[in-house]
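See structure below.
The letters A, B and C name the chains in turn, as written, and every chain counts its residues from 1.
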Amino acid sequence: MYQPDFTDILLNVDLLARGAWITIALWAIAFAFGLAVGLGLGLVRSSGNRWLSLPAAAYVEVFRNTPVLVQLVWFYYAFPVLTGWQMSGFTAAALGLALNTSAYCAEIYRGGIASIARGQWEAGRALGMGWARLMRRIILPQAVRRMIPAFTNRGIELGKMTAIASVIAVHELMYEARLLSSQTFRPLEVFTVIAVIYFIVIYPGTLLSYRIEARMARRS
Amino acid sequence: MTEAPLLRTEALVKRFGDLTVLDGIDLAVQPGERIAILGSSGSGKSTLLRCLNFMELPTAGRVHFHGAPVGTAGSRGEVRYRERDLADLRRRIGMVFQQFNLFPHMTALENVMEGPRTVLGQPRAAAEAAARAELARVGLADRGDAYPARLSGGQQQRVAIARALAMQPEVLLFDEPTSSLDPELVGEVLRVIRALAEEGRTMLLVTHELGFAYHFATRVLFLHDGRILEDGPPERILKTPREERLQQFLARFTEFGF
Amino acid sequence: MEYQWDFSVVARHLPLLLEGLAQTLRLSLAAIAGGLAIGLVLALMRLSGRRWLAWPAIAVIEFFRATPPLVHLFWVFYALPILIGVNLSPFAAAMLALSVQSGAFFAEVYRAGIVSVERGQWEGARAIGMRPAQVMRRVVLPLALRRMVPPFVERAFELVKTTALAATLAYGELLYQAMVAVSRSYRPLEIYSAVAVIFFLVLFGASLVMRRIEDRLRRVER
């Protein structure tokens, strides 16, 4: 019978805590960036201008149709060859995750904007509003509310994705866990604890999304 | 009335949370009776019908079918219902819904065959022949291959009636069968129901069509707040109502008459 | 200094990469099959209306949806053998981890599909005397499955992308073979770009095909 032993984990708690901070920093940077860039892309996709919309669509499809691990590996190993700029693992991970998230967010913005009834556009235009003002004053305020559940889900997915950064040597939570596991030969304890930590950090987001969805269902 | 009632309810109560929808219903249905159930919305008339084939489980009281109580009583008086017993009961009690509830992934013919095939285990050829006969009876012999989405509301409801008839039920329950139809489609459904009435079938009909109830029914019930306020032959109930509530109810139907 | 592109290195390693792609698809199909089976069981448990069945299913679903797939992979490959006393091959570990992980998501697709079937359909089926299993098999599942196809496809695509994580267990799928090719050729830009292109062609091409199939399915019901 295997005797679990958690002392090594307890002794290295500071290591895991540091990893958790880097995980959170990675998440926050990528999410903020992804939301902002995604808005621009989503507006371009909704503009009806084919010359703008097509490249944006290509960008979105490339990031949505390739594995995020491939994206991170590409930004860490291949991108510097192209640009001559050797990034740290953290920068490459932040960049890859941010661009990936921006592609998904662009689709959320586009879908939300498209879900607004045509009558709203007509009512705005009947008041003499132009495209930009209509978007800002009428369409986006209504659409953003409908997008919140999808953004919440995106945040959860991104939180899980940050673990992949360990592959390109970002010292976040998963990296520290792998290190600890190989040093202590206690993979069962280490990876179980790590799974629980991720769950504790991410599950409140899931609960939040349930509350938001329930509230929206009640309103409609 | 010497025959045993086909269906009988005994102090039937149905509550949804704090709301009491049926408040002690005692009703006996004799074979061959055609009962029209009237009442304003919220009176419990649909719930009463739905308790008879256990689409809703009664909160208290019993339903007897052919003199035998449905479900088994526990030690503290509570009644337990096994879904397979209820399924066996429902194959003998047909129901037609306000919203038709046809299966959209099956053609009209397949809808009618579904019960005999799946529930009664009839061979395909026999079930199909019977289903075609039922479709012919409701005047849709030529629409057997159509999917419900391709049929008008009136046609869908007639298929739904054929689907219920295909099980050779001993009682037919109609839950506002024409309430979701466009006015010009109501007639074709009512004509089918009248034809069934002329065969002497036992039927219960929840309806707002007072004229039809008058000609169709052998007996009329008026429900209010979950109780039976009036019960008698259509002539007396509809022409000389005693209860004030019923008089008000009937007056609403004549308010904009011409 | 201008970078000198050399795509012959991709051509030279193409057999290796295609072998990797075959392994990617093999792992994907195995995990999709496993995930669909596990998901159906979890969904039926959750919808059973019995607490002792529903709660464990909810726990599994919620846990696997709120933790990173990479952690599942490492746990199954490194930790599970300690518990069961049997070492797992990278393929077995990846397939098991991804099956349960995707099963948790598939379960929610099944459940949403089943719940989306209108009450009238359940009642129509029960009113002609069908038993619960018959109602499910003859009416609810056929209707629900049609509505489940788009979310199932979406989930399956997510799963194909997630199989790239198996490279971290040294399973010879596409990304892993690319890493091997890079270590031999020192040409990360060409090879990793080629990998991205291969994934894109497979996934985007498949999504175009699936979109057409979904359109046709929708037309059948109308």
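Definition applied: contacts are C-beta pairs under 8 Å (C-beta built on N, C-alpha and C of every residue); 3 or more make two chains touch, one makes a residue touch a chain.
Remember, it's a predicted structure, so these values are computed and weren't measured experimentally.
The central chain here, found by comparing per-chain C-alpha centres with the mean of all protein C-alpha atoms, is C.
Of all chains, the one whose Cα centroid sits at the greatest distance from that of chain A is B. Distance between chain centres (mean CA atoms), chain B to chain C: 47 Å.
Look at where the CA atoms of chain A average out and do the same for chain B: the two points lie 54 Å apart. Centres computed as Cα averages put chain A at a distance of 20 Å from chain C.
Residues of chain A in contact with at least two other chains: none. Looking at chain C, no residue sits in touch with two or more other chains. Across the interface of their complex, chain B is touched by residues 120-121, 123-132, 134, 138-139, 142-143, 146, 221-222 of chain C. Here chain C touches chain A in the complex through residues 1, 3, 62-63, 65-72, 74-75, 78-79, 82-83, 157, 161-165, 167-168, 175, 179, 182, 188-189, 192-193, 195-196, 199-200, 203-204, 207, going by the rule given at the top.
Contacts from chain B toward chain C in the complex involve residues 53, 55, 83-84, 86-92, 94-95, 97, 99-105, 114-115, 118-119, 149, 160, 163-164, 167. Interface residues of chain A, counted against chain C in their complex, comprise 2, 61-62, 65-71, 73-74, 77-79, 81-82, 84, 156, 159-164, 166-167, 174, 177-178, 181, 187-188, 190-192, 194-195, 198-199, 202-203, 205-206.
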